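Listed below are the structures to be examined.
Shared chain: chain A. Partners: chain B in the first complex, chain C in the second.
Then we have the complex of A and B:
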């Protein structure tokens, strides 16, 4: 058996035998080198109560090259792309070491959810939101956990259809702000886009003039 | 090593290398300038070729430095040649050169040992003891066992035929093994894990000597050891000492650095050699190790 397969098999078994870590790893298809990992959102964070799925690809030269991981579940976090699930974490790049395993790497992802690093962002818009108003950021992150990760408060879990999702809450905006510009005749989606892009939240609100927003809306 | 050093090298000084055909008076240069010049020469030769090269005469290295007008290095290489070090074996400058060089050179010595049976038995007993060291410092068995098993298998293969090929280890097989990145890296990783474990198990001895190679800032034991356990991260005196102590290996490092005027400085690690094995001799140029041969 080749060394990579032997190592991956041992790691999967190790994960299965360890009931205390709450990390689960399963095969996606027939290949042992494409896996799906999942873990519960850490307690006392906006991700608590959610279940987070991660796409795992084992490269040819594993464990000498880092494992490739990205979130399947949508996550609102400065170091995770809200669009693609791409993760900004040093151990997945130049700080990788062959002593790290699928389990220890997944545990590091869990820790990343506990301690965002907004100064080294993967998602610049989310990072700006975090820095402008942590409370508002957390509210949005909690809402994402609820609607995408089956977190508490979601009655139907992941089954909530797009229609009932609150697009304003997903964007982390104040509904009153959105309504105000919508009433000027701009489409709701466009208003949400522009306000999100301008980070129209918390202490930033008085700094951005209505003219500026209208200008952006007209450009859109 | 070129990798990490490249990224950290300060902006190149504007003077020396732009000064046209006039020979460079290198003796008056600041160490940093000398370092940068050396780095340029390194970059041309380090990044290509196999992980471990064939043996080459040291005069080749001399001519490279001569072409680069680097007279201090030329003088130092002349000194080495005069003192019987006529050849060297290049190791790829990928940040793992120290571990790959010492690992390869060690196996070459084992192969050449007149009492190979005894040398292999001694080595195997030392290797067995490192399992304990790894376990004690909390390295998971599933992480180290492939690397450890490969190190043991290669050692045993010196006297026992390999079950799949039916042949014992030869220099040719060893070269092929060390030139295959996956195989070669198992040995590099074993040596890295042992180095980190030795530091963690002997914190009192090492903790005040752990500095980041680029920033020179002090590092904590865990941070330093995490770095040691990653591929492509260069090694300095601390790592060499730790590895030699863990495996009871002896190393001599010939430092080329344009510091001393009349001779090349050989550093013996450890100070008092472990009995049984001749030292492996490495040639160090700022940021890189090769194997030096008589």
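Then we have the complex of A and C:
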């Protein structure tokens, strides 16, 4: 399949020569079929200022089968798994076309960050968060961009490094809620876990009784 | 040098220059022996956007023919070229026009060549080279209007008279096709799969106008056919992929091998059969032949359920998938209930419902649903208002009286409240033993569940006790 090699080489060169798209693709090892792509987070989104790395694997029957992509950088987004970086995007599945390139696919990822599709989620918990309170979701996404993608706030707070990451903010929760249940004697990690799972945010808060939470905490 | 000689010298120079210019603009349509003053022009007629062309039968003089051959209508963007043989006199372009030795159209479609010659000669003005104008005049088809070849009603229609319209029409069409493919083969196209630019002869333009190189399409389609993904054998453009635009048979035939084409046809047929909800596969395990719904069957006669395998002749019912039980006998209830439940579970107007309606016939499904609902209502009523005799299972409805029942059919004594058997010797013990669930409830029954009636009856019971 030297046609595949020729095309991939062409695509890599094309990306190198194109400075305007801001998309970089580099080899991971010696093989041109395992690559690392990266792009800046789109402007006017919670991802602005971050730099997002994507793991790219070119399958044997490329470009007739879709390229395999997943985020290396942790992203807080309804269509991206917050744990594995797996991406839910139609063109990476059945809407793939051999005409699509690494560059155009990366641009699609960029625009996925601009326009989440919470109705077709990859990460149900994040999607629920997005649907319950968009403002709170964006705050969390911004925090993730800051701590994982080198977003704007990270430089200012460089002295405060990895050790003191705010677990409550990572989970997109209200610190007061966490403290309240922590004071009942439950471990902090467990409280965060349960509140996140129950989507204890925004308009959902009055709907979930304290009893329910304690019950979940006791189960855990 | 005399003045004439000077003129001749100037003419030679102008002729030479004109020839060079024409050769650089129209390398394909000019050839000459310029020294002998002879020039051949082969001018294609390019109409740009396709125009309607009507080939009308030509009448011979005054002979009226009754069996007029019908005219032919076409849509063409080219007409076969005009061939001109010219001789350039030494005095051209100053003292005289080029001499037209012959002018004819390929396939002889132009009947008015004499008039065209006159028109061309008329364009010459002393001292002006005229050949470029001639070529353009012919190439663009402007002469058609001057020769009165446009329809009087609609001047976009070109009218051509010819003794046998159907013969000329097929020649014109063939010329159109070959000049289009020549044109396509001559140009280069970027293939967006291999990201290279290739000559048209190595590319294919699909019915959606997207162009790819054949070898990429072959790799693509071959893979899809091998994997059995017939739906992907189509245009590779992202929008066409989303629209599910599939390739035409002729396109597949031009790209993949004979064997690939055969498999593609087989896959497509299989897929289309699977899509057709009226198809049922023969129930014989060894056979499995797809059996279509008979075409001329009347809905509601019961025969719409009938299927006979064309291969092994096994006759069966498409509803319950059992041996044919005739048009009148209904399917075993269990099966039709499954269909009904599936139908009711789907939303109104949903694809699922449409599918079931197509598969079993709309009227049938509606009838089954109605039957089912009636049955369910009966069942609900039986459960709510009757109690089954524990001896013979017959359902009894009590309209008055106490809860001690004696079955009219089997003579069994039982309690109407809880349905347990009672001792015929002392049936009332059931209602008078403290701690029993029916203690004190000889007259208390929950049929209809009406609290008021119950209270009333309890009241009666109390009255009786007093």
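Odds and ends about this structure:
Going forward, the second predicted complex is superposed on the first by the 212 of 220 C-alpha atoms of A that agree within 3 Å, B and C clash if a C-alpha of one lies under 4 Å from a C-alpha of the other, contacts with A are read in each partner's own complex, and residues count from 1 in each chain.
Operating definition for what follows: a residue touches a chain if its C-beta (ideal position, glycine included) is under 8 Å from a C-beta of that chain, and two chains touch if they have at least 3 such contacts.
Quantities reported herein were computed from a predicted structural model and do not represent experimental measurements.
Taken together through their common chain A, the two structures put chain B and chain C in a clash.
Residue contacts after overlaying the shared chain place A:12 against neither chain B nor chain C.
By the touch criterion defined above, A:169 reaches neither chain B nor chain C. In the superposition on the C-alpha atoms of chain A, the part of chain A touched by chain B in one complex and by chain C in the other spans residues 3, 6-7, 10-11, 14, 61, 63-64, 95-99, 101.
Put simply, chain B touches chain A in their complex at residues 139-140, 142-144, 146-147, 181-182, 185-186, 189, 193, 226, 229-231.
Those residues of chain A lying in contact with chain C across their complex are 3, 6-7, 10-11, 14, 61, 63-65, 91, 95-101.
Listed in rising order, the residues of chain C touching chain A in the complex are 192-195, 215-216, 219-220, 223-224, 236-238, 240-242.
Put simply, chain A touches chain B in their complex at residues 3, 6-7, 10-11, 14, 61, 63-64, 94-99, 101.
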